[in-house]
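In what follows, chain A forms one complex with chain B and a second complex with chain C.
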Partner chain A sequence: MTKYKKSTLKSIVVASLLALGVQQSAQAQISDNVVKIGVLTDMSGPYSDFSGKGSITATQMAITDFENKYHPKFKIEMVTADHQDKADITSNKAREWFDREHVDMITDLVSSIAGLSAMKVAKEKNKIVIITGAGSSKITNEGCNDVTVHYVYDTYATGQGTAKAVVKQGGKTWFFLTADYVFGHSLENDATKAIKAAGGQVLGSVSHPFPSRDLSSYLLKAQASGAQIVGLANAGDDTINSIKQAAEFGITPKQHLAALLIFISDVHSVGLKQTQGMYLTTGFYWDRTPESRAFSKRYFEKMHKMPSMNQAGVYSAVMHYLEAVQSTGSDDTKTVMTQMKKTPINDFYAQNGHIREDGRMVYDMYLAQVKKPSESKYPWDYYNILATIPASEAFQPLSESTCPLVKK
Partner chain B sequence: MIEIFGVPLMALYSQLMLGLVNGSFYALLSLGLAVIFGMLNIINFAHGALYMIGAFCAWMLLSKFNIGYFEALLITPLILGLIGVIIERLLLKWLYQVDHLYGLLLTFGLALIFEGYFRSQFGVSGETYDIPEILDGPVNLGFMVIPKYRLWVIFLSLIVCVLTWFMVEKTRLGSYLRAATENPKLTQAFGINVPLMVMLTYGFGVALAGFAGVMAAPIYQVSPLMGSHLIIVVFAVVVIGGMGSISGAIISGLGLGIIEGLTKVFYPPLSSTVVFIIMAIVLIFRPAGLFGREK
Partner chain C sequence: MMRTVTYLILLAIGLLLPHFVYPVLLMKILCFAIFACAFNLLLGFSGLLSFGHAAFFGGAAYIAGYLIKNLELPTIIGILGGVLFTALLGWLVGLLAIRRQGIYFAMVTLALAQMIYFICLEAPITGGEDGMQGIPRGNLFGLSLQSDLTLYYVVLAGFIFAFLLIYRTIHSPFGQVLKAIRENEPRAISLGYDVSKYKLLAFVLSASISGFAGILKMLVFNFATLTDVHWHMSGDVVLMTIFGGIGTILGPVVGSTIIIGLEDQLADSAGDMVTVIMGAIFVVCVLIFRKGIVGESVALYQRMLGRKNLT
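Now for the complex of A and B:
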């Protein structure tokens, strides 16, 4: 090798090392010294009670708590908007936030369609989304990508959890009332698998338009089927009206209802008289541990309501994200995603939690039963926690995943 | 067992009854809309929101003042009627001379404001209103077991519909109203106070929405969005019946409730659109609606 060639080689090596150093120092920086979090949520639509203003409050609480605990050198800002559960509004807002407002992470995203749209934009712009409100299991299956975390629940977790438990309690025959859109069918399918696996039987199902004001016609079909359990594969107003009208037509208590997705805000709204005895799967109940109570009471002071699993989940998700930024000293998407996936999650919200390669945050879920009015001793005293569903069983196993990121 | 297209006759009867219950609500609401449009030429988009306020009013009377369902059936329409009078005097009266569109936009704006206010106060999940004890429980009709309350809804709304029709079509007051619509200036020349009549008509239409709201409270969740879910269907009912036609609104309300009920038996996914399909067909062949008059 000639002298000339040697020196060229040296320069290339030095230049490469320098370039690498520059790149690393760029990664270990926070752009504009500001970490900006966007809460894109349902402010006014059917899901706003378990997300909306409550999710914004939870995010703000997480930011304040983080600042008080870590005194970070960077500034944290929050922007909020209403996605109105529409795909186009969600993508436009996400694009605007990432491009012009330098938002680093978007969270909440309540309806499945909003979640799926935002994660596509995030992938295109190489930014992070943490979906808490949407439930479709598509998010971590065929729709999955490496910039998305699905944090709180999905139709597999709530559908399977409740269905298995009910079959175990003797509810062997089922009839489904299914909201006629992706989410409803996904809930029905996931629950059906669990029922069959547990030795139960599905006698039939009826799809109703979304939203449906009057569900009595469908309830009569469920009554005529003679099934022990009427599975409600719907959400929000549809679930509330199903419960109310089932009681009116005398379907309950002869047959039992199993709501495959119900939030504490729904139970609060319908009241214990009509929801008593119902089984449900939840990731969070405010009155479960001293830590969950402490958080919920602080939240209650601000919102005058107890947090839903989604609102508590948003707090936990934002905190987990900010801690990853803090420990890596970077807001670079890949760096933060790697750190978030590496760090286990154990807080007032999630126990034994971690984020899998498909983006699914798995943690212990709980099987709960709604209390009788006579058992409820104080406001919001609504659930008996019957069992813990361990993280490894609560969510779809990776072996069944259709996400291309999962190495099999 | 006798079956029609694979559906047992008994099940069909039950669905017909349920359709009739929904039809009763369509009839009551479209009746209010028809009265208002017929007399004021205003397309009252706030009707759904006023129906929602009626339901909330009943809930508040019960939970805050311990005033029961039957009293609420009388008090709520009065309160809503008063709200209607205020809206008419403060806002609508300025719009009679301009295009229909302005009335529609104004009332649509009002609906958004009302819904937004209730949503911020009560959240979207809303509140529960229990069925009054005397009407609670089922009745066995032989072919089906139906909650007593649903029968009461059919009975009461039919009475209100017939009374309204009678008042507008068969009484002296009704003839003044109709005259005031046809030719306000000439009617006023006969010494009839037309602005007062118009104001009371709007108040009456709104009171009907409030009345329907009270009737709906025990069946559906009392929620800020309950009106907006319903109003579009009710508008379709009015268009099918013929804008402004009282009897058209009643007959098409009940009829479409039944058709919708039957669709739920034979092909549920179509049940939310069947009314609009019928509307499109009616508009092709009878643009003024089934009972409307071409102007």
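Now for the complex of A and C:
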């Protein structure tokens, strides 16, 4: 009897030890010795200019640089696809990548629709997403979860920074032209708060379908409102079309435009003549420091364009992720997320950066103004950096966050 | 006999396939197969070309999603509620549309479907461009649907149910009358049939089964989006049905398998070219296989048999 008991005990001990061992080795291991990164981006739609092929190139550069620097024991692979800015395509692709291709992390995700859908799938499958392209502040508020990092910008940061600066310059009355989906509405909301706080006034707003080629009727409404400033709560091709068509209708220069989110690729395609003097908030400008110039020149050789803040941000995000995998020796979601949140980010892209508990990566942002054509000395010499918005002020403070992960 | 054996083999393949192929893809194919079969009931067997079936497919998904997610009702109530809704919607649309024929019928259905699309875009509960996301799968008859494999068998059962229902309808006296209407409507009227009533019933039936397909797709992917109610979706189902073979029982199943399978395979490699490739396939199909894949195969088989009998 005692003998029987003893052997049972022994086997229990052995079994639990084994289980422990298995668990530990599972934590400190990389599944099939491959870290697979998925770049889910807009290859053909209105946002492809500041993401798309450029984001893929930036990811590839990050992988190559990482391999050259650390000579990791694991293999790194990349898969790419076009999410066409649609919820169902993003969800299907993300699900398939996690299930079938064993992708560990998905990045880019250019529209808010895509970002929010991918986050939900990632949570269900317990994998990581690092959103760089999408901007809705919903991502780190009511929509937040513990497997998501929101890396580059959000509507709070760009909308608020720009709106504040414009009101300060005397642009007191506003009318919004808003892309009719979650991103546009968050941009409008965040900017409205900042305008009211700075003593400005919002006269009204009009929503246009996303994407839109013809914005004339909406622009005429903005013109009729008589507001000093027409706030463009849209992005990519919609912003480009708004600026061009506003000039055609003679709205500018009588009323001024304020693009609440504009990328250097947009400025490049519209030209300085029509964008000069515009204020904008950005996390990255290629010509700001020697490090940013060095990266951008390497990027330019491959793409023949300067990187947008999103494309540079993808590089930084992928590098930060891979370094977390390298230092923990694991691609387990929780381990890597903890490591990424623990490590501060200081590279050519981000200064004083760290990832908060709500998933928001906060870092210094910059208030910039588009140069006059006469001031621009060489190709892509587009911005004057006016001020640094410190990390603590650039983003929505945690006290205002509605994310359930934030302990108050 | 031969037919029973074929169906049994197909059933066995259906049961074993998820162990070899990604179940989510299979479920998507099955959902579209139900949708295309329902559409074929109307186009193939009643001769009515509806260009607004997406309204039923997507509308039901939204209604069921609302019942399950916002009202937190059990999945089965969501399914029944969604189907009931599409039956009513189908009755309304049908009532207006069957007064016209041919291209006018198609246009009326398209116009009404666009109205549904606009409601889905603007209504506060649908989430606009973001769609209705994160709809839980829930339980069905005490069975958790969380695992893809379990859900696959539920979808397969749903498909078999819908398929048998359509099969039975087609082979019933009701189905014979529908075929008579398709072939020669004035003659059917002269024989004393109330043609409008038959057409309306076929329309409601087709709409309800389309809604059922939409709900299953919503459960598979946990969301309902504008893509499901967009007129492209109405176009896709026409393509699947024509490609597989109008008026054949298995045609829509083959059509949806090939088209969804191709889309899945080409999505990564071809990118933007997918639509062009699909278009080219469609052109080839219309020019060479007028009866669709299944239609042509059956015709070929019958020709061979006929020759054998002669010699």
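Couple of notes before you dig in:
Quick note on the criterion: the second predicted complex is superposed on the first by the 386 of 408 C-alpha atoms of A that agree within 3 Å, B and C clash if a C-alpha of one lies under 4 Å from a C-alpha of the other, contacts with A are read in each partner's own complex, and residues count from 1 in each chain.
Definition applied: a contact is a pair of C-beta atoms (placed from the backbone, for glycine too) under 8 Å apart; a residue touches a chain by one contact, two chains touch by 3 or more.
Predicted model, so just to flag it, every value in this text is computed and none were measured.
After overlaying the two complexes on the shared chain, residue contacts for A:81 are found with chain C alone; chain B is out of touch.
Looking at the shared chain after the overlay, A:44 reaches both chain B and chain C. More chain A residues lie in contact with B than with the other chain of the pair chain B and chain C. In the superposed model, A:100 lies in contact with chain C only, and not with chain B. Once chain A of one complex is fitted onto chain A of the other, the partner contacts of A:400 are absent, as it touches neither chain B nor chain C. Shared-chain residue A:250: touches chain B; no touch with chain C. Of the two partner chains placed around the shared chain by superposition, chain B and chain C are both touched by A:180. Residues 44, 180 of chain A lie in contact with chain B in one complex and with chain C in the other.
Across the interface of their complex, chain B is touched by residues 44-49, 180, 206-209, 211-214, 216-218, 220, 224, 236-237, 240-241, 244-245, 248-250, 265-266, 268-271, 274, 305 of chain A. Residues of chain B that touch chain A in their complex: 11, 14-15, 18, 21-22, 116, 119, 123-128, 131, 137-138, 144-145, 147, 149-150, 219-221, 223, 225-226, 229-230, 261, 264-265, 268-269, 271-272. Residues 22, 24-25, 28, 128-131, 133-134, 148, 221-223, 225, 227-228, 267-268, 271-272 of chain C touch chain A in their complex. The part of chain A that touches chain C in the complex is made up of residues 43-44, 79, 81-82, 86-89, 91-93, 95-96, 99-100, 112-113, 116-117, 120, 180-182, 210.
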